[in-house]
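Shared between the two complexes below is chain A, which has chain B as its partner in the first and chain C in the second.
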Partner chain A sequence: MSKLFRIARAAEFESLTAFREFIDTTCAPLAGVDEALLYDLKLAVDEACSNIIKHGYAGMNPGSVILTIAPQPDRVVMTITDFGRAFEPSPLPAPDVDAALGGAELGGFGLYFIYQTMDEVDYETTEDGNHLTLIRRIPHSRPS
Partner chain B sequence: MDVTARQHHPATIVSVSGSIDSLTVERLTEFLAEQIGSGRTNLVLDLAQVNFMSSAGLRAILAAFKEVRQPGGDLRIAAAQPGVLKVLKMAGFTNILKSFDTTDEAVASFS
Partner chain C sequence: MFRYLRVKRQPEKAEPEPGAFSIDQLTRDPALPAALRHLNALPDNAKMRCYRALLPPDLLIQFGIDPLSWKGASGDPHARLVADSQSGTVHISAKKDIESTDAFITIELSDNSFNGIDLSLLLLSDPNSPRFQTDYDEEARPTLFGTARRHLAEEERAMHAGLAPAQVRSGLGASKQVLQHLEIFLTALGHRSYFLEPLTYASAWIFERRGFAYVRGHKLMDDIHKEFQPGGRLHASLDASTPFRQIDQWRTVRGRAWAIHDGILSAIDAQWTSVRMVKQVGRHAQVETFPNAAF
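Then we have the complex of A and B:
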């Protein structure tokens, strides 16, 4: 069984830096993980956590957000757990920037970026909270 | 995140450093609005020192871009690092905003 790394923080925007730094510390040493892949991991988690903080816990006392990372030789598996409102993500088309220039509200980039940067996105709601699993393959890596 | 502005005729260079995320974006939005409110509508957004930007940054950039265009100005991106540039590209922003490798090139493009 692969090793699990875990961080828990309050569901507030002040926690975003800690999540990104945790990904840096945990994933930068992994074989095959370069700066570009590291950025994608941080972007997907930042967008997911921002959505949880903004929407999942809207109108509620901020609970916690837990990020676990399970590095494997060929992939990074990240799970984000929260205890707010469930929100099942689904792939979206690219947001329409031209429409936004014309005055339409600009939204949907967070989910769009998650699906653009991750190879698998899974969501499950259980008695133990909402679990968003983000999987990104590590290219050209050899099993160690 | 830190943000500063300096005049470099015929443009104003707004230099950002650190991370632009859901926490810090409000300050960037306000700062850009202050610049535009002061009549500075030829803006170069210098992103050389930005190590991370999420979709939150896109909203700030788009809001400022719309504002500067009304009086005939423009907002141009300079020196975005690879990760930040990828965010701009994925969002289609590089189709509507001019992007330059250096602030000097971005400033010169206003002449």
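Then we have the complex of A and C:
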């Protein structure tokens, strides 16, 4: 049985630093996890939590976001739970970077980054909250 | 790099069918949650068999009450179940002495509009501790836990005796035990979580320690903690203008709770309303909005 690590914070942007530090503390010691993989984990959680903060809890005093990390020998499984409005993380087309650089409204990158950095994404809405599970495999040997 | 996306969404839950459980319903998918309305429509003895699980047997025995019959040594009933058919609410209370006005445990559960369960009321009072008349004002009108009106003199006595707002006696110290039984009961009914709206800051803090997270109000709890620190607006409002706003009250959960009960949140343009908490069955959320707190 793998050990679970859990942190809960209010759904606000100030909490993102705590989530990043938690990922560092929990995942950096794992065999096979290098700086690049850590960066991807933090990027995916950052984007997912930003989505929850901006949309899930919009218009109310924000509730909790719970990040659970279950490290396994060959993968890192991260689950983000919230109790706000559910959203469907349907696969999106790549955002139009040219339009964004040209001054158009920025946005749409969050889910794209999640899909780009994770091997599996699983979203489930149940009676006990919205659960976004992000899985990233740990390569045992990386090309030098 | 993304290889696999799976989206699962529970099917929309059907409105519970009226009437009691049938064998047909019981043999359906056991993961589908059952409503209290189903249990309440059962015959009285069947209801009793189900709801009896909500009262921890060792707690009843501690007060000389038989955990099966709910009767005391004299044979009189000491616990009461109110679960009207057609209703989606169950109310259970138990008293040490049947003549007593106060129960040492009161639990009320209700079906909510999302086919989940709300813990509407949980009162755990030590019947052997001194009683304070904070539940009625000077004109004998109910205060509704100090929310509708207040009995200031009694509240001050209660505060100095170590009680939190809305308490008439000291706590029973059994919330962990009672909530464990509640989770077992709800799991049997097929529920993965339950909800509550904490009456006071002190009760929210206790429920955090019992593993609850916030559906609404986590940021409010963070703001309260931040503003009670020296230099914060709530700290500055502890100006001894009332007995409930003494300077040192920021240091404890109870002290903060009394100041909030006294309306101090107006200093940050907030109110103690709309806080809603959730407990995921079997999981501790690890929420801690007042780190290293003293009660």
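Heads up, the rule we're going with is that the second predicted complex is superposed on the first by the 137 of 144 C-alpha atoms of A that agree within 3 Å, B and C clash if a C-alpha of one lies under 4 Å from a C-alpha of the other, contacts with A are read in each partner's own complex, and residues count from 1 in each chain.
As a convention for this text, a contact is a pair of C-beta atoms (placed from the backbone, for glycine too) under 8 Å apart; a residue touches a chain by one contact, two chains touch by 3 or more.
If you're wondering where the values come from, they're calculated on a predicted model, not measured in any experiment.
Enquirer: After lining both complexes up on chain A, report clash or fit for chain B versus chain C.
Expert: After superposition on chain A, chain B vs chain C: fit, no clash.
Enquirer: Just chain B (first), just chain C (second), both, or neither: which does A:A8 touch?
Expert: Touch partner of A:A8: chain C, not chain B.
Enquirer: Go through the superposed model and pick first if A:Y115 touches only chain B, second if only chain C, both, or neither.
Expert: A:Y115 sits against chain C, while chain B stays out of touch.
Enquirer: Per the contact definition in the header, classify A:D46: touching chain B only (first), chain C only (second), both, or neither.
Expert: So A:D46 only meets chain B here.
Enquirer: Should A:T125 be classified as contacting the first partner (chain B), the second (chain C), both, or neither?
Expert: A:T125: touches chain C, not chain B.
Enquirer: Figure out whether A:G32 sits in contact with chain B (first) or chain C (second), or with both, or with neither.
Expert: neither
Enquirer: Quick check for you: in the superposed arrangement, does A:M60 touch first (chain B), second (chain C), both or neither?
Expert: After superposing on A, A:M60 lies in contact with chain C but is clear of chain B.
Enquirer: Have a look and say if chain B or chain C is in touch with more residues of chain A.
Expert: C
Enquirer: After superposing the two complexes on chain A, what is the shortest C-alpha distance between chain B and chain C, in Å?
Expert: 11 Å.
Enquirer: From the superposed pair, tell me which chain A residues show up as contacts to chain B and also as contacts to chain C.
Expert: In the superposed arrangement, which is not itself an observed complex, chain A uses residues 116 for both chain B and chain C.
Enquirer: Mind listing the chain A positions that touch chain C in their complex?
Expert: Residues in contact with chain C: 6-12, 60-64, 66, 81, 83-84, 86, 88-91, 114-129.
Enquirer: Could you list, by residue number, the parts of chain B that touch chain A in their complex?
Expert: 19, 21-23, 52, 54-56, 58-59, 62, 65-66, 82-83, 86-87, 90-93, 95-96
Enquirer: Inside the complex, what are the residues of chain A that reach chain B?
Expert: 13-14, 16-17, 20, 35-36, 39, 42-43, 46-47, 50, 53-54, 94-95, 97-98, 100-101, 106, 109-110, 112-113, 116
Enquirer: Would you pull the chain C residues touching chain A in the complex into a rising list?
Expert: 1-10, 33, 114-116, 191-193, 213-222, 274-276, 278, 280-281, 284-288
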